[in-house]
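What follows is one structure encoded as structure tokens, with my remarks underneath.
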Amino acid sequence: MHQNAASLAPHSPEVAGAPASRWQRLRRRTYQLLERASSGDRASLYIDIGLILLISLSVAAVVLESVESIFTRFQTQFYWFEIFTVVVFSVEYLLRVWSSVEAPSAGEQNAVGSRYPRLRYMVTPSAIIDLLAILPFYLLAAGLVGGGDMRFLRAVRLLRVFKLTRYSAAFDTLIKAFSENARSFIAALSILLIVMLLAATGMYFFEREAQPEAFASIPAAMWWAFATLTTVGFGDVTPITAGGKVFGAMITVVGVGMVALPTGILASAYTEQLRVRAEEYREKSKDAWDDGVITAAEADELERLRASLGLGRNTASQILNSERVNNALTAEQNHVCPRCGRAAE
Amino acid sequence: MHQNAASLAPHSPEVAGAPASRWQRLRRRTYQLLERASSGDRASLYIDIGLILLISLSVAAVVLESVESIFTRFQTQFYWFEIFTVVVFSVEYLLRVWSSVEAPSAGEQNAVGSRYPRLRYMVTPSAIIDLLAILPFYLLAAGLVGGGDMRFLRAVRLLRVFKLTRYSAAFDTLIKAFSENARSFIAALSILLIVMLLAATGMYFFEREAQPEAFASIPAAMWWAFATLTTVGFGDVTPITAGGKVFGAMITVVGVGMVALPTGILASAYTEQLRVRAEEYREKSKDAWDDGVITAAEADELERLRASLGLGRNTASQILNSERVNNALTAEQNHVCPRCGRAAE
Amino acid sequence: MHQNAASLAPHSPEVAGAPASRWQRLRRRTYQLLERASSGDRASLYIDIGLILLISLSVAAVVLESVESIFTRFQTQFYWFEIFTVVVFSVEYLLRVWSSVEAPSAGEQNAVGSRYPRLRYMVTPSAIIDLLAILPFYLLAAGLVGGGDMRFLRAVRLLRVFKLTRYSAAFDTLIKAFSENARSFIAALSILLIVMLLAATGMYFFEREAQPEAFASIPAAMWWAFATLTTVGFGDVTPITAGGKVFGAMITVVGVGMVALPTGILASAYTEQLRVRAEEYREKSKDAWDDGVITAAEADELERLRASLGLGRNTASQILNSERVNNALTAEQNHVCPRCGRAAE
Amino acid sequence: MHQNAASLAPHSPEVAGAPASRWQRLRRRTYQLLERASSGDRASLYIDIGLILLISLSVAAVVLESVESIFTRFQTQFYWFEIFTVVVFSVEYLLRVWSSVEAPSAGEQNAVGSRYPRLRYMVTPSAIIDLLAILPFYLLAAGLVGGGDMRFLRAVRLLRVFKLTRYSAAFDTLIKAFSENARSFIAALSILLIVMLLAATGMYFFEREAQPEAFASIPAAMWWAFATLTTVGFGDVTPITAGGKVFGAMITVVGVGMVALPTGILASAYTEQLRVRAEEYREKSKDAWDDGVITAAEADELERLRASLGLGRNTASQILNSERVNNALTAEQNHVCPRCGRAAE
């Protein structure tokens, strides 16, 4: 009667299919180990933790290297740690590409994907991030770049921090909240830019004579306009003419609106996301109550769903409870005649 | 049984009516080409893109002209580009006025509208913006203005940026969110102004002796009050007396409330807008499920509605799903007697 | 069957009751004229507008008087305008007190109220504001105060701005949103104060040696703490030690939370208010549809309710529409047997 | 039929159980006196107020002691007040530990708890706060610490402010709102840190040559990044190169998003909390209406529930009202046959 809503849940990394050769089993295991650990898979969990630690340390190293005194003192250590990091990340990258054919969705989506599944993986955002994490080192080592570029390449290593996004389900939620309301956010950004343009132009007219340096041109005035409309308000540049101050005061008020816009959109997006996830949990609860009792297995499954949906315990227990009541009511209505009190069947 | 909710949907630019003369057909086509392109109309889409590009470039030109060095170097290019822009925008304006009688709503609303439909179009906000985009040039060319006004007229060209609003449905949503809660926003603004007045007066009393320049009068103190209540906080003027700092600290806290107010209103407005649009989609879904199946045509129509309402895919698919379940349940209840289990027909 | 929800609507200033003497009729008319105009009462509307204008001008005068040059030049005009204002406000105050017995709620609530209805009115917030608007003048005129107090008393006139709140329904909504969530707002404020205390103490420990002036004591450090936790960030005082900067950076992040707290509460409060008002409109709609048709009188009443509730037109029309569908469905279920198709009666 | 939702309500400090010895009765009374007063318990209320006052004064003393001039003048008074405070807090702590076995939940949860119930209490957050409030004094008195540590220990006394959280139900609500959405908040914080890292690195590259002091390293640039991304914007450090300003302007816009994120999450969390609490009130209302009438006792209980849930009066009265209507409708449907119009019984 009720539809199983599982199709909306983040898909689990189980690989359906026929029995496999030893080679295939090794590849599948590699895939499982590198993916976010499913509950119970200890080895995969340890590998996750190890990689997260290494990413964090590697990012910390980039940050610390920028401090002259630390860099001078620990130059060698930084060098060997970088070598170690790149080796590990390179092995990780190769293994990921190799085992990517084991992904449940591999070879499904399009013709190119089914013929070159590894190529398709290699152009996904997370694979590109993985590549960017190691490429600078090889480019430097190969002598392809040098001099001024070196510094830039070093900083590119900081993008390794994005490798962390792979391990958090909350990032997915956030990205979903953004993408489901992309149009509203783009509109908010457009409005910010239009208003910023008008604010900068206005301020340019009021202040350019009094402060020919800070408000020399509209682009120059944009620095003030951005700082004001986002309510950051550095205060390094401020209007000094009476007209500029009156106009500037109006712009600060408009700035409050500019901040309110994305906040309001995001608040409504999160409220909606919460509702959608609660609805999904409700469907599952309804199914679980269908036979009038919740077994230990069903309770387990519901708890897993709750956790994966990121629902709070209070909300979940209330949904479960109200579905119990609904189920009882429906049962009553269906099985007992309201007039004679006899069972319908 | 269920009402078709189409009347709430943004109206499509189809022109109902009888067969038309060649002249009329040309006018109708002109109207379609200038309006936001409906799906499938390639030519209209290219014209849209072309105009959007020209508007953007024209605004960029105004901004860049304000940079002395760039202006001196490319003066001629700026001049000819301005001529070109004005010609295109003038032709666009004339064609819009001419073809405005083809708008579905033309000649409906009031007596003036039905007799002078083009005049009615000419006083709409978007037509006025179109006129403002070209008027400065003609005024300058006719020698009607000059000297000091010239600079101002040049800046007016920046308002061309508002021509862009015509092309985004998200602006409509935003304007709707504002206008549906106009009273709340005006109240929030009034409160901000009242509190600002009190803050400025208080600060004037505390600081006027210590800082006779920055807090010379209540109007002068308003600059600080605006910057603080909007949490911008430039910091170019700050209290230095003990009393002023205590009072100022309290005002910073009040400022948080001033920012929270419009944000809260907007968040609730967006939540409500989302609910209204979801409800509309739900109605359409109900209709689509009425016969127990969703045809390709219905799926197409639902997808178009979803896009035009700006609903996220997740939300939409969940609504569609829940309506399927509801439809099945209703069908069951209607066709099977709750007492004897026999079919109703 | 459905309850009339009118009791929740802001009560209308109609005075129920028996025929009245000429004196009573004059008093009643005075009451009506001074209250916010109900639709159709032209004279009352003009008096409202006149008073609103006078209040605004009077506040503007206080602000402008603080500008030395303006004050010196227009001293006489300011003096006579103040006399005029006080006379009008005094007459208004006396008439309000006199006619307050005509308020629908007068003499109801308690023993004191029924015996001294005018006294009860005189201690309401709005009556006290009215008194404060004129009292300073009389105190000065009577020579009861003088010298240094004079300036303070002049500023008290600024509180006249609160007389404006009488004329806006949106203020009521705002005050309701606050009072319905008073506990949450107080908790948010308490948290802000506690966090502020800890931030100030922390900064005092980090910075007092490096900046013995700005961070001389915990109270002194509070100025920085308030500016930072409210995200105002004046920047007149900032940490300069490494420890202070690390601690200060953490406090900026906490500050975002401090701003998010009241905003979140207010957003949820407004969403709830909107829901409550929509529910009230829904009840009225249900009643209106009860006989299957909406008469012109019902439509009128619904429109008035919509306006007084501050509901947007879209939301209202959707509610009305969905109730029409519900009514049709209920009618179908009640009057037609689901099995045999015969009418139930 | 409907489930009693009392299990979700904050538990009342009544101690179920058998008749007790005089000693036990004393202990139980002690427990009641120290807990947040239940309505009607005058003595407990006075003790609450007394302790709240003492905590506040003690915190005020810590703050005032930091002002050199005040400390010098009132050194003796501060000393004796501190002695008094520590004595009272010590007695309070000992009594709380002693009477903690009277807590309804004592001895339930786990093996350790049932054997050493007082130990279990001593490791709860609120007991640790109580201990921290007195420990510094004893450490100083015992001469275990001294010199530089003294100042730190003095400041630790400020943590006494957290003793206040025991007395406010709104803190519980807030903590619940946070803990139910912990994952989202952690994700928002992670994103803030990642973006901050990228912003600091970017600014370091743009500005390190122009401002070798403020942007000497990535950690140094973090100070600017934090101030900007939280929209605090101190302005003590700002970019001066063209590239840095363009990059900085983009970061201010990103900062608006960083502020919007937790605000949006919190707004949705509060909306959800409100819904959950309204649902609970609805359940109780349904039960109360079950017999078609609300007795004085039921009205009393509902009002208590409303207050403890922190629901607004408007919201509550609307829920109660709608449940009355629902109950009437259900009664009608149950007792009257939809087909023949005769009563079911």
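The chains carry the letters A, B, C and D, assigned in the order they are written, with residues numbered from 1 in each.
Just so we're on the same page, a contact is a pair of C-beta atoms (placed from the backbone, for glycine too) under 8 Å apart; a residue touches a chain by one contact, two chains touch by 3 or more.
Just so you know, these numbers come straight off a predicted model, no measurement behind them.
Asker: Determine which of the two chain pairs, C-D or B-D, is joined by the larger number of C-beta pairs in contact.
Answerer: When the contacts at C-D and B-D are counted, C-D has more.
Asker: Greatest Cα-centroid separation from subunit D: which chain?
Answerer: With centres defined by C-alpha atoms, farthest from subunit D sits B.
Asker: What is the distance in Å between the mean C-alpha positions of subunit C and subunit D?
Answerer: The mean C-alpha positions of subunit C and subunit D differ by 29 Å.
Asker: With chain centres taken as the means of their Cα atoms, state the distance from subunit B to subunit D in Å.
Answerer: For subunit B versus subunit D, the centre distance works out to 41 Å.
Asker: Quick check on subunit A: which residues sit in contact with 2+ other chains?
Answerer: Where subunit A meets two or more other chains at a single residue, that happens at 231-235, 259, 263-265, 267, 271.
Asker: Indicate which of the five shapes (line, ring, star, complete, other) describes how the chains touch one another.
Answerer: complete
Asker: What does subunit C use to touch subunit A in their complex?
Answerer: These residues of subunit C touch subunit A: 231-235, 263-264, 267, 271.
Asker: Would you mind writing out the residues of subunit A in touch with subunit D in their complex?
Answerer: It comes out as residues 59, 62-64, 66-68, 151-152, 155, 158, 161-162, 164, 168-171, 173-174, 189, 192, 222-223, 226-227, 230-236, 258-259, 262-263, 265-267, 269-271, 273-274, 310, 312-315, 318, 321-322, 324-325, 328-329, 338-339.
Asker: Within their complex, state which residues of subunit D touch subunit A.
Answerer: Touch residues, subunit D against subunit A: 1-3, 5, 8, 176, 179-181, 183-184, 186-188, 190-191, 194, 197-198, 201, 204-205, 216-219, 228, 231-235, 238, 245, 248-249, 252-253, 255-257, 259-261, 263-265, 267-268, 271-272, 276, 279-280, 333-334, 337, 344.
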